[in-house]
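Which chain is which? They are A, B, C and D, in the order written, and residues in each are numbered from 1.
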Amino acid sequence: MLKIGIVGANGYSGAELVRLLARHPRAQLEMLISHRTKGTMLTAHYPHFQQIIEAGLEDMVPDEIAGRVELLFFATPSGVAKNWVPRFVDKGLKCIDLSGDFRLDGEAYRQWYKREPAPQKELDKAIYGLSEMNADRIKEAQLIANPGCFPTAALLGLLPPVQGGFIDTSFIVIDGKTGVSGAGRTPSLGNLFTEVNENTGAYKVGSHQHTPEIERFIKAFAGKEAKISFTPHLIPMTRGILCTIYAPLAKKVTTEDVRQYYRKVYKGRKFIRIRPAGSFPSTKEVYASNYCDIGVHVDERTGRLVVISAIDNLVKGASGQAIQNMNLLFGLEEDTGLDHVPVYP
Amino acid sequence: MLKIGIVGANGYSGAELVRLLARHPRAQLEMLISHRTKGTMLTAHYPHFQQIIEAGLEDMVPDEIAGRVELLFFATPSGVAKNWVPRFVDKGLKCIDLSGDFRLDGEAYRQWYKREPAPQKELDKAIYGLSEMNADRIKEAQLIANPGCFPTAALLGLLPPVQGGFIDTSFIVIDGKTGVSGAGRTPSLGNLFTEVNENTGAYKVGSHQHTPEIERFIKAFAGKEAKISFTPHLIPMTRGILCTIYAPLAKKVTTEDVRQYYRKVYKGRKFIRIRPAGSFPSTKEVYASNYCDIGVHVDERTGRLVVISAIDNLVKGASGQAIQNMNLLFGLEEDTGLDHVPVYP
Amino acid sequence: MLKIGIVGANGYSGAELVRLLARHPRAQLEMLISHRTKGTMLTAHYPHFQQIIEAGLEDMVPDEIAGRVELLFFATPSGVAKNWVPRFVDKGLKCIDLSGDFRLDGEAYRQWYKREPAPQKELDKAIYGLSEMNADRIKEAQLIANPGCFPTAALLGLLPPVQGGFIDTSFIVIDGKTGVSGAGRTPSLGNLFTEVNENTGAYKVGSHQHTPEIERFIKAFAGKEAKISFTPHLIPMTRGILCTIYAPLAKKVTTEDVRQYYRKVYKGRKFIRIRPAGSFPSTKEVYASNYCDIGVHVDERTGRLVVISAIDNLVKGASGQAIQNMNLLFGLEEDTGLDHVPVYP
Amino acid sequence: MLKIGIVGANGYSGAELVRLLARHPRAQLEMLISHRTKGTMLTAHYPHFQQIIEAGLEDMVPDEIAGRVELLFFATPSGVAKNWVPRFVDKGLKCIDLSGDFRLDGEAYRQWYKREPAPQKELDKAIYGLSEMNADRIKEAQLIANPGCFPTAALLGLLPPVQGGFIDTSFIVIDGKTGVSGAGRTPSLGNLFTEVNENTGAYKVGSHQHTPEIERFIKAFAGKEAKISFTPHLIPMTRGILCTIYAPLAKKVTTEDVRQYYRKVYKGRKFIRIRPAGSFPSTKEVYASNYCDIGVHVDERTGRLVVISAIDNLVKGASGQAIQNMNLLFGLEEDTGLDHVPVYP
C-alpha cells in the first residue's frame, strides 16, 4: 500500500482527498496534517467520516512526515506549499500541490498572486498535472502542480480546437461559473448562505489568477499565444464548474467535424466524455465524479465556436485529478479508486 | 383609476403584475383573465394573495373586456397575443404584450419562433417598450411590445458603449444567466427542483429567440449591425438575470471614461444604477425591484470592455417594465407604484 | 415626520428596518448607527441601497442620538441593548429592542442566555411587542421588547387554542424550521453556503433561548403553565420560519370549530391570515411581508391538534413587527408602511 | 454474477439502483425496463450515465424477463407492483418492491392508498425489508417489501427506545423533513424549482400513507401499540430525510443510558451510526450513502426523549436499502457495493 500524507486535511479539498482515498484500493491514509487544528479528531470537524476515518489531525513535523509517507498532498491555500515543498522534495518524497504555487513562472506568480514565488529550482521541477494532456511527464515527476479548477475545465475544453487549428486565438472568451466550495471552508462574508443563495454575480473581473495559468498552458500544449477574457461567476450551488468558451472559427467546419476531432484527441481517456451534437453538459451530470463532460457547437450564423465543459470542482478540479496524477505517478491504472458514477439527482 | 385587465393572470408574470398593481396608486385590477382556469379564485392558485386580491379568474370574452378595461396586459406564452391583440387594438384599447409576438419583424419571428407572425398591420403599430431608450414613442403608443428578459438586461448594458462608439460590434459575446421563473409555471422536466438545484447548464445554444431581438434593437437604437453570440444558462435560483457582455474596444479609454458615458446616457433615469468602478452587480441586489444595475470594466490587458448588468427577470425583465411603460403611456411618473427597495438578503 | 435611529444598522435586521422605513410615509431615517463600521457608507456594505439610502454609518454617541431622534431601534445581538437602553429611556426616548435582552425575567435570562440580565427597573418597564396580543399596552410603552422570531410564529399559532381551552398544555411540541438569515451577517462556519445548502439539521436541541420566552408568554397571555418541547432546524433558505405545533385536544372539536375560533381571536388584525380548512401555509407565501399565515388541523385519529404557522423571520419575526409596534406606539394605523404583498415565486 | 432487472429504471429510484449496481462487484444489470420509454437509451434521459451504462430501456414482457433475470426490483409508483409481482413470484423469481404495495395489510392499504390492495397470498409472503431489524427473515424471503423513506428513518430512530421500554408510546410525534427527490421525476406543479426553492411547508397533514406503516412496524418489531402524529415537510433540497421524534420518557434515564442502548441494539450494523452525546446528524452528513445517523437527547426539563435520525432518501430510504436487502437475500456481506463515503460538502 502506498503511504499517503495530506497537508491541509481539514479544508474541503483535503476532506475530498480523504473521501476518495478512504476507498482507494492501493493507498493508505497514513497522516492527516493540519497545523491549526492539530490534536483534534477529523470527525470533530467532519462528522460524516464517523466509522470511516477515525483519525487524528497531526502537526506539520517534516522529519516525522518524511519517515512515514511516500507521497504528500498539499491541500493548502496558495502561499503555503511553496515554503514546505522544497524540503520534502530534497528528502526524496513525491509531492502533489493542489494550490497555485507551482503553476506559473515566478514573474507571473508575483504579479497575479501578489506574493513571492517558490524557489526557481522547484518551479523548474514542477510538472503541470493536467492528466489527459501531460501523462507522460506526470509519470516521471517528483513534484506535480495540480491544475486549478477553472483551468482544468477551460483547458480540457479549449485545447483540442486550438491544437487542431479550428479557432483563432486572438479573441477567446471564457465565461466561468463555479459552485461555492471552491472558496474553501474559512468563513467569510462572501460565502455565507444568505449572501450567495438566490444570487449570481461575477468576481475578480479582469484579475483572476487562473487567467495567466490558462494562457500559459494554451501556449505550452498548443503552441499558440492567446489573450483570453476570463470572468468567474459565483453560482448558488456547492459543487460544479461550467466554462462557456467562445472563439472565432479559423476555418469552415461543422459541429460534427469538431466533435470528431475531440474524440480523436481524447481517445482512450476514460474521464473525458464528448457529448453528442446538440447536447451540452450541466454540472450535476458530473457531480461527485472525476468526469469532464464537453459539448461543442459550431455557430454558422456568427462563424464562431462555442464549447461548454463541466467538472466537479472538488473532484476533477482538485482532489480527483490529484489522485489521477498519483495513479499515473505510481504506475497504476489512471482510474484506480476513481470510478465513481455521478450522483444524480 | 385606470382600469386594467390581465390576460394570463395565472402565470408567473401575470401574478407579478397582480403583486405590483395591487399597490399601484392609480391602477385598478378590473379583470383577471385565464381561459384555462376560469371560474376559480386567484387565491386557489396563489394563496399568498389571500386578503389582498380576492378575485375570480374570468374567461377571455373580448366584448366584455373591451367594455370594462382601458388597458390590457398580455402575460401569455408566445403565440397567444398575436391572435387576440388585433381585435382589441381595433376597439381602441391599449395593449401591452409581455410575450415575443410583436418584437421581431415577421420574417425573423417565423424563423426563430417557428410559427406564423402577427399581422403586419399590428407589427407596424407595435412600439418596443425598452423604457429608458424609447420613452417618447412609448408615450404615444397603442400597442407596446414589452422587451424580453434577456434583451432588457443585454440592451441596457450594451447600448451606451455602442452608441458612444466605444466598442467594435463585430464580435460581441453575451453570456446570460437566468433564474428558473423565466420558464413559467407550467410543469416540465427541465424545471423540476431536482433537475435544477445544485446544477448549472446552458440551453438553446445558438438558437435562443432573444438573439435576433437583441441584434434588431442594437441596430434600431444605435444604428450598428452586430452579430452577437448569446448563450443563456439556467441557474439554481428563482429570480434574476445577469448578462456578462464582452466586446473589443474601438478606442483607448479608461473604465472611468466609460462609466461617465453611461451616467450621461442614463441621467435622470431612476431605475438604472451605474456601479462605482471596481464594483459589479449581483442579481440579489435588484431582487423583487425594477432596477437594472450595471458595472463596467475596461480590460487594458486584452483591449476589451466587460459589462455586467443585473435585473429581476420578473420585474424589470417583464411585469415591472410593463408597468413602467403603462405609467409612461398614461402620463404618470415613470416610477409610480414601482419604488420597491430590493429585498436583500 | 418621526425621527428614527437604528443601532446595528449594518446587520440583517438593521438593513431590513432600513428597507421598510425607507418607504414609510411617516418615518424619517435620521441616524444609522454602527460602532464597528462607523464612518463608512451603508451602500459600501449593501450596494442594493444605492440611490435609495445614501447615508453614512455613525458611531454610538448617546448625547447626540438623544438630540436627534425620538425613537431608537436596537437591531443588535443579545447583550448589547441591555447596556445602552437604560440611559436612553432615562432621557425620555422610546426604544424598541429586537434582541432578547428584555423578553425574559432576570433569572431565566441568566440561565438561558448565560449572561447578566438588564437592570430590573428596565425589565419592569419593558412591554412585550407581540402586536396582535398586546396592542393596548404597546401603545403606552416606552420600551418595547420585540418578540423573537420563533416565539412570534409559535405564539400566534398556539395562543388561540390555549386561550380557548381547546388543548391540553401538558405536552406541547413545537418543531421549528428557520431560514439562515436568522443567524445574522457575522461569518461563521455554520452559516456558510457549503455547510447549509442541500442540508437540514437541528441545532440547540433542548437548549434554545426561545423556549422560555414561549412558555413565559403562554402563561402571560393565556394563563396556563406549559412545558414545551421546542427544536429549531436550519433549512437551506434565506428567509422564513415555519412552526409545526402538536398538542393533545382537551375537548371534542372539529377543524372548522377551531378555525372559527382563530378567526374570532384575530378579527380585524390585518396581518394574520387563517387558511381555509385543508390548506396550510408555506414560508414563501409570506416572503418579504409582515403576514403570519396559520393553518389548523384536528386529527381525529389521534385526538391531537396540529397547527402550522409561517412568517418571514426578518419581517414579522423581527423588523416588520418592530415597525408595527412603532405604528401602534405613535398612533398610526398598524399597517402603515407595511402593506407589502408577499414576493412569490 | 447475479442477473438483475429493474422495472421503472427511468425514475429516480430506478436510476439510483443503476448508479449503485453499476459498480456492485457481484451484480449485473441485465434488463432495464420502462414501459413508457421503451426503445430509448437510458442515457437519453440521464446523460450522466454516458460511457458507464449504455443500455436501452425495454418493455415489460414477463416471459422474457423471467428467462433473463434472477432478481427483479420494482422501482415503480404505488399501484404497479401489486399487479405484476404475483406472476413473477409464481415463476420463482425473487422480487424487491420499493413501492408501498406490500407494506400494509389489505385493509389499511385500501384506506390510506385509496386503491385495491395486492392479493392476500402475496401480502402474506412479503417480508418487510428494514434490514437492521429483520435480517433473518429477509435472508429467506422471496418477496421483499422495501420500507418507505420516512418509515426507514423513523423506525430506525424510534424502535430501540420502544423496545427498551424507555418511552411511553401513547403520544409520539414524528416531524419529518424531506428533500424533493422523494416525489419522483414526473413533472408536477408542487415539485417545480420555483415553487420549492426558498420555501418550506407541510403536506398531507394527518393523511400521509407512511403513518400506518410506521405504526404497524412499531407493533411488529416492538410489540407496542402506538398512535403517532406524523407530519411530512418539503425542504428545498434534492436528497435527504430528517426525522425529529418526540416522546414522553417512561423512566428516569440519562442521554448516555439511551445512547448505550442504541449502540447495543445496533452493534455490528455498519450502516447505523450513533452520534456522540450533544451531536445531532444533518442530512448532508449521509448524502449519497447508505448510512442512517442517529442522535438522542434526554430532556430532563420536560421529561421527554428527542431522537433525530437522518438518511439519504434515495439510498437508505430506497435503492440503497433495497440492495442491502439483495445482499442479505443472496448471502453476500450486507455492505457489498454499498461502502460509499458520504459526499460532503
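To be clear about the criterion, a residue touches a chain if its C-beta (ideal position, glycine included) is under 8 Å from a C-beta of that chain, and two chains touch if they have at least 3 such contacts.
Just so it is clear, the model here is predicted, and its values are computed rather than measured.
K.L.:
Count the C-beta pairs in contact for A-D and for B-D, then report the pair with the higher count.
P.N.:
Greater number of contacting C-beta pairs: A-D.
K.L.:
If you take the mean of the Cα atoms for each chain, which one ends up farthest from chain B?
P.N.:
The chain lying farthest from chain B is D.
K.L.:
Could you give the separation in Å between the centres of chain B and chain D, each centre being the mean of its C-alpha atoms?
P.N.:
Taking the average C-alpha coordinate of chain B and of chain D, the gap between them is 45 Å.
K.L.:
Using mean CA coordinates as chain centres, what's the chain A-chain B distance in Å?
P.N.:
38
K.L.:
Counting only Cα atoms for the centres, state how far chain A is from chain D in Å.
P.N.:
36
K.L.:
Do you know which chain D residues sit against two or more other chains?
P.N.:
Counting only residues that touch two or more other chains, chain D contributes 12, 181, 185, 194-195, 197-198, 236-239, 281, 284-285, 287, 345.
K.L.:
How about chain B: which of its residues touch chain C in the complex?
P.N.:
Of all residues in chain B, those touching chain C are 12, 15, 19, 22-23, 46-52, 181, 197-198, 238-239, 270, 273, 275, 279, 281, 284-288, 293, 339-345.
K.L.:
Please name which positions on chain A make contact with chain C in the complex.
P.N.:
12, 180-181, 185, 187-189, 191-198, 236-238
K.L.:
Applying the document's contact rule, which stretches of chain D touch chain C when the two form their complex?
P.N.:
Chain D residues touching chain C: 171, 173, 175, 177, 179, 194-195, 197-203, 205-206, 227-229, 231, 233, 235-240, 242, 244, 246, 248, 280-285, 287, 295, 297, 299, 301-304, 306, 308, 310, 345.
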